[in-house]
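Letters A, B and C mark the chains in the order given here, with residues in each chain numbered from 1 onward.
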Amino acid sequence: MNKGFSLGVWGAGIAALAALFLLPAFLPRFYVYLISLMFVYGLLATSLNVVLGYGGVFQFHHCVFYGLGGYATALFLTKTGAPFFVSFLAGGFAAAVLSFVMGLITVRLSKLYFGMLQISLGSLVWAIVYRWYSFTGGDDGIHGISLPDVISSQKGAYYFTLIVTLVSLFIIYRIIKSPFGSVLQGIRENPARSGMIGINVKKHILTALVIGGFFGGVAGALFVVVDKTVFPDMLFWTLSLEVLIMCLIGGWFNFFGPMLGAAVVIALRTFVSGYTVYWALVYGIVMIFVIFFLPNGVLGYLQQKFKPTKGRAVAKEG
Amino acid sequence: MLKIEALSKSFDGFMAVSNVNLEVKKGEIVAVIGPNGAGKTTLFNLVSGVLKPDGGRIIFKGENIAGLPPHAICKRGLSRSFQIVNVFERLTVFENVQISLMARENMNWNLITPSSRVLIGETLKILESVGLAEKKDSVCGLLSHGDRKVLEIAVALGVSPEFLILDEPTAGMAPEETGRCIDLIKGLSDNLGLTILFCEHDMALVFAIANRIMVMARGATLVQGSCEEIRCNQTVQDAYLGGSDVC
Amino acid sequence: MDAVWAVFSQKVLSQILIGLSRTTILFIVSSGMSLILGVLRIPNVAHGSLYMIGAFLAYSVSRIFGGGAQGFWMALLLAPLGVALLSLIAERLLFQHLYKREHLMLLLLTFALSLILGDLTKLVWGAEYKSVPVPQVFQGFVTIFSGFTLPLYNLFLLAVGPVAAVLLWLFVNKTKMGKISRAAAVDREMVGAVGINVSLVFAVVFVIGCLLAGLGGVLVAPTVSVTLGMDHTLIMEAFLIVIMGGLGNIWGALIGALIFGLSQSLGIMIWPQFGIIFPYLAVVIVLMIKPTGLLKSTW
């Protein structure tokens, strides 16, 4: 039972936060941009983990919500005169609505069929966005989106992203640690049993889907702030797989695993791209390494080494 | 409290349960016995909502619950444990029971309060009553089989049921553990006033605690009666008990 | 009025024929994926990359043999074998160690493989478009009816489709290996218990499935520009077809490919801008009505 964090953890956390706030003063613009991206993908991966790691749902196409959130925000900013905050929140809410609608259709299916229907629905959304040139910019996407002066600079975008990400993570953390989150984990472990003790499993899962979708959309809206663009690939199936990998590399039984995984992947990608154009090759090899040797991710591995009696992060075989 | 009338269920032409009638009064402990494949688990699945019957009625507290989903039936006061241990594997013993309590209190919609501060006393009470209090922080995977079966019952208790269905509660248990289980079930009936319907292969257990016994074979009821009647019944002896030395 | 109808029906017919020739390729590739999905129970994300490598290998092989008709036939023979060899290496080296693990790991492994193969393709062949010439015997057109001519190569594809379907059916239902694979798809533990080397069965099925992907790549090569990124959309299309048809069901893959190919070509005719949406819409509709797919899955 968690009696709260020890003093050491609090201290480290505060130090890390202080470092994050002070970074832009020391680092060149490119690195600031990079770390902003890490927050975006980290939030995206964490939102996926709500559904996948804590809920046990085969969310194979999470990026539909990410992409939709991004497009919603981008379209609001470019096509309507709405104030920035409205446009920003539109991303999250549009994604929440989509995940509710898609969830209604898919939640009655079990595991794999859920994933498959979600992929097909998501692909449909991608195809529509991809071809609707007049509205969404088609395969060009939308570029050069204008933002309020405060956040249109790299530093401004960084701080905005940092704050939104921290707030979102806090909210997600509280939800996971609440009875809702406990029951969600129960459903992950044993949906039949959960039904037997009086839980309406479908309703519960649907709610989790909407939460995950909402924050995925928020991540998409943050991407617009950081990059000032959107493009159809944000909705493509393979990006969903990449986000899954981020959860895997970081460790999905731990709350901060996905963030770590996102940071690792983005750092790796940037670092490797500096040396070779064959970034995907390296990525693939790293993935193979993780699959074979670190199936619980980096955090899972560390947790096993230093807290071996926990037993919680043991991957189920077979 | 529970009245099963003419209940039937078939799978692709195979009659798993055919025309079963059973009545369980409040406070009773009723056992269902019979060889494997007699339809005992199917019967329990029908009553607890896992399966929809083809025909017949299941009257629980005056209401026909046949065909309702499991969670709706549970909310009406009927809880069940499973033959194959069915718990929340990767969570701790404490969390397992706590979730059950949360479900009872409809706390599953609470997204704000930390779980670590919720329902602690009640959870510990249940754990103590089944004797698992010292192991509360153990993950399920590390428990002995007997403990897991007991946890199974504890989780079923968490929803404060009035009616408890136990599917082979001592299956796979070592003899020492069986005694503990007998005391536990007896205690549930004596102290908590639960009405209990269970099925078992361990005849000693059955005769020790059951008020009435129903014998099933091939999906249908063979005979119903008190312990004495069943023990001395010729058909039952031939079909199932393999002769008795008492009558 | 008659003339308008004639023109319309000709248009429809021509689109159908074009759609059908696409179906052949979609079917061949999807059946390979369906085979793997049915027996190994994983969607092979690398399927698209293997398809792409098949096309690039076709390019190279046909160049080696002079680029003419002989080049094409040699490519048709050798490229799929090359792809099969590649997949065998991957399977023995990596996949076989994971059969006892969670399926998600295997899926992610195929994803890793697709990334590696994608970049390997870039490494070996470079980033420019390549083209594979249509073999001489298929150059030219056949007149179906006045005003519409069908390229002979498409006619060839139309013929290959049913042949491939029959051959696959024979393999799955009439050969010993086929029957064992079907058994392994349904219950791998039983098959192992009977003394058959399940790992070997998986290897064979995986290699054959990938060979089909490569074959599809070779067949499509003369009709499109061979580029990096071919794997991208194909993997999605193949996966959706397999889902629509029923997991692991070869006939399902055929029906799925038919629906996909036809709805795409007819869709483009009806609504050119959004034509490509129709197949995706078809998949969603099918899955909403029957979530397990049109035909019985092997699971």
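Methods note: contacts are C-beta pairs under 8 Å (C-beta built on N, C-alpha and C of every residue); 3 or more make two chains touch, one makes a residue touch a chain.
Owing to the predicted nature of the structure, the values given are computational and were not obtained by experimental measurement.
**Q** Taking each chain's centre as the mean of its C-alpha atoms, which one lies nearest the mean of all protein C-alpha atoms here?
**A** Centre-most chain by C-alpha means: A.
**Q** By mean C-alpha coordinates, which chain is most distant from chain B?
**A** C
**Q** Taking the mean of the CA coordinates per chain, how far is chain B from chain C in Å?
**A** That gives a centre separation of 52 Å.
**Q** As a quick test, compute the distance in whole Å between the mean CA positions of chain A and chain C.
**A** 32
**Q** When the centre of a chain is set as the mean of its C-alpha atoms, what distance in Å lies between chain A and chain B?
**A** A distance of 42 Å separates the two centres.
**Q** Could you check chain C for residues that touch two or more other chains and list them?
**A** Residue numbers touching two or more other chains: none in chain C.
**Q** Can you tell me which residues of chain A touch two or more of the remaining chains?
**A** Residues 316.
**Q** How about chain A: which of its residues touch chain C in the complex?
**A** 105, 109, 113, 116-117, 119-121, 123-124, 127-128, 130-133, 236-238, 241, 244-245, 248, 277-281, 283-285, 287-288, 291-292, 295, 315-318
**Q** So in the complex, the part of chain C that touches chain A is made up of which residues?
**A** Residues of chain C touching chain A: 45, 94, 97-98, 100-102, 105, 108-109, 111-116, 118-120, 122-123, 232, 235-236, 239-240, 243-244, 273-274, 276-277, 280-281, 283-284, 287-288, 291-292.
**Q** In the complex, go through chain B and note every residue touching chain A.
**A** Touching chain A from chain B are residues 48, 50, 69-71, 74-75, 79-80, 82, 86-92, 94-96, 98-100, 102-104, 107-116, 118, 137, 139, 141-142, 155-156, 158-159.
**Q** Any idea which chain A residues touch chain B in the complex?
**A** Answer in residue numbers: 1-4, 174-175, 177-183, 185-186, 189-190, 192-201, 204, 310-312, 314, 316.
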